[in-house]
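Here it is: the structure, laid out below.
Note that the chains take the letters A, B and C in the order they are written out, and that residue 1 is the start of every chain.
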Amino acid sequence: MKIQATPASELAKLIGAKVIGSAQKHITGLNEIHRVNEGDLIFVDHPKYFKNALSSKATAVIINQEVECPDGKVLLLHEEPFTAYNKLVRHFQPLQFSNASISPTARIGENTVIMPGVFVGHEVEIGDNCIIYPNTVIYDYTHIGNNVIIHANSVIGSDAFYFKRRLSKLEKLESCGDVIIHNDVEIGAGCTIDRGVSASTIIGEGTKIDNLVHIGHDSTIGKHCTIAAQVGVAGVVDIGDNVILWGQAGIANDITIPNNVEVYAQSGVGKDLESGKVYFGSPAAEAREKFKELAYLKKLPSFIEHIKNNT
Amino acid sequence: MKIQATPASELAKLIGAKVIGSAQKHITGLNEIHRVNEGDLIFVDHPKYFKNALSSKATAVIINQEVECPDGKVLLLHEEPFTAYNKLVRHFQPLQFSNASISPTARIGENTVIMPGVFVGHEVEIGDNCIIYPNTVIYDYTHIGNNVIIHANSVIGSDAFYFKRRLSKLEKLESCGDVIIHNDVEIGAGCTIDRGVSASTIIGEGTKIDNLVHIGHDSTIGKHCTIAAQVGVAGVVDIGDNVILWGQAGIANDITIPNNVEVYAQSGVGKDLESGKVYFGSPAAEAREKFKELAYLKKLPSFIEHIKNNT
Amino acid sequence: MKIQATPASELAKLIGAKVIGSAQKHITGLNEIHRVNEGDLIFVDHPKYFKNALSSKATAVIINQEVECPDGKVLLLHEEPFTAYNKLVRHFQPLQFSNASISPTARIGENTVIMPGVFVGHEVEIGDNCIIYPNTVIYDYTHIGNNVIIHANSVIGSDAFYFKRRLSKLEKLESCGDVIIHNDVEIGAGCTIDRGVSASTIIGEGTKIDNLVHIGHDSTIGKHCTIAAQVGVAGVVDIGDNVILWGQAGIANDITIPNNVEVYAQSGVGKDLESGKVYFGSPAAEAREKFKELAYLKKLPSFIEHIKNNT
């Protein structure tokens, strides 16, 4: 999330942190490590990730251990970086619940049809020539391009599913990202597309999504993809252009799927894939390899019995 | 979709096509090749499908190559049959978005309960003694029989997921079909049932559907089936009577499942099945064969190690 | 479902049953065999289950065969126990459809936000500091604790999917149970949580549920679980504390999953699991066993070819 440029020292004061390094640096965004840019503040609370965080593009890092501050960066020392970060998120983006079905701060383009029962949150932008079917819910800050169709009862911009397991509870990472839907996208009925936890969940131009599809936080989908019914895409997944995901396929967290990949129905993708290839299975492998395995598996019972009877 | 009987020559004029054959034939419907009837107009744009299209029951065919016209039929020669067909669809069934939650052209039977937040589109028919739970969305032209229960937030009649991949975009086949739900059907919460792209999606008498189930365009489901939660049925699937689909099973496009078939949970059906049999696996096979394979797969590691150590 | 204490003889009169045994016993609840308590009336209609039913905690049993009545119990002899039981369910809990989006009998706590388009049924209780996002539907009798978040278009309390297959139809077991959601639970967008058919579906304190998840009737989920997107939990499943179910996993009917179990994505659980273990596959097995099988399956084609070429 972009914020108004604010000196790191001022953010430190808001969360009661000790400042190490360039206290006067101006911070222009809050972000999670996966999607960080220069000017951003991030948090880290486990030594395993310290190196990654400190060498990232982040300008400021909330951290729970006194370490050397890299040149040109600033550290905010705090016992609970996760909780402190959450406090900043809600400071810069307080929850404001709309009483109106269509928020007065929403901007809706020309020739766009908003059907009965649709909810449109604060600061939402919807372009021209869109059709938003009944009872669809569009959370605050969502950006929708032109010629976009969203079928009934879909939900755009719900919170990221992102929790830290504490000893006696699950602590939520507060979402402050958004959803960006580019021109000419069609989204089926009953879909859910989560907002980025700090960055954007993006659906690329011309991509078509069938019914009951889930797209997780901060995932980006390229242009002209087709995603069949009941596919699930977890968080922070990067999908290229012209990708085809068949029905009920699932893509795990943090996966990269390059251009022109095809994933067959019910496959489960747990590793990065290679451009232009076709995959099948759970866990997914190249389809022809997987089909070969399955053909041999079919022969396995009689093969084992044959061996047993002949040795 | 049925249309008012119209001479083929007039349809040709609407799309700027050259007529070959019986120009005066009256056309009474627009249809997709899978569900075509006599009197229908269809389209074909790839030589691979020419023979099928020309020998089908269709009376008129929009086609992109000058071929011999079969006796008693009429060809409409057009560079882009897909686009021309779409133009006819929206000519005969223009999109008309209802401002009302319940369209004044909807017909709702006696003793039927429509709960708050429900949307009922144009020309929808709902029979007697139905219960439509809150926030359900029923698109235009849907027919619902008597004693039907639809749980909250389900969507009936959303557009078919049917796109043609062009060089730089996906072109949508415009839906003009409908959904027919027969008597005594119960549909769970959060389901999506797409309309036929040109014909009808049909749910047979007494069939019961659990939550979050997807039924694709032009699929027909027989009588007294049970379909458990999160099952996905793709487009143009034909399912018989008394079929049982357990949770999260998936059925691919164009599949036929005859009467009394049982498909176990999470199975993926990619081939036509046989009446009265039980199936499991992804891809699905007869359950006892599949379970046998899995039992042998369990023994495989120790079997291979044993062979290695003894040869 | 609890009912006002009523003599068994009076219930027998309501359904036209013959009484055997302690006719004056007061009955305080209607229940299904899986969740029965003392004071409850249950039904049984197949000799296979007679022993179970008669030796259960039930005080009264509707039964279709004259058998010996256990001491201190009462039998209600009826040709169609299933139908007779249904009649009692709707006698004590008649369907009453709310015209209001928020029923006047609902009790909503302090500082709780109910967003536009939400439906709240009769006798619903919602605690303090909750956020109910737009177009969520909460059926009658649901109990929701404090600090609960429910995202848009979720459905809480829809009917159990529970049908008896008759010769020419599926007869529904009428639901009279409820849903109980404890404090600090978060439920994603587009989820469906069915009410108990006679008891309660329970989501334990602090549990977090992602989008498009289905939880079946009478299932109980412990504390601080995380359930990822598109998971399906069937009916009468018991899940302990700190359980993790990854995306698209499915849990079959009547399964027990104890504390600290982790089930990987797309797994299908068809047997009771053991505490603290990790599972994968469909059907699910211990993950390391399953991964070992899959590693050997990968080698299978070349192994079989090698054997063939060397014997």
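Please note the rule applied: a contact is a pair of C-beta atoms (placed from the backbone, for glycine too) under 8 Å apart; a residue touches a chain by one contact, two chains touch by 3 or more.
Computed from a predicted structure; not experimentally measured.
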item: When chain A is superposed on chain B by its C-alpha atoms, the rotation angle in degrees, nearest 5; value: 120
item: Same or different contact residues where chain C meets its copy chain A, judged by the half mark; value: different
item: Length of the line joining the C-alpha centres of chain A and chain C, rounded to whole Å; value: 31
item: Of all residues in chain A, the ones touching two or more other chains; value: 117, 135, 153, 190, 212, 230, 248, 266, 282, 297, 300, 307
item: Partner chain C, residues of chain B touching it in the complex; value: 113, 115-117, 131, 133-135, 149, 151-153, 184, 186, 188-190, 206, 208, 210-212, 224, 226, 228-230, 247-248, 265-266, 282, 294, 297-298, 300-301, 304, 307
item: Contact footprint of chain C on chain A as seen in their complex; value: 95, 97-101, 117, 119, 135, 137, 139, 153-155, 158-159, 161, 163, 165, 168-170, 172, 190-192, 194, 212, 214, 216, 230, 232, 234, 248, 250, 252, 266, 268, 270, 282-283, 285, 289, 292-293, 295-297, 299-300, 303, 307
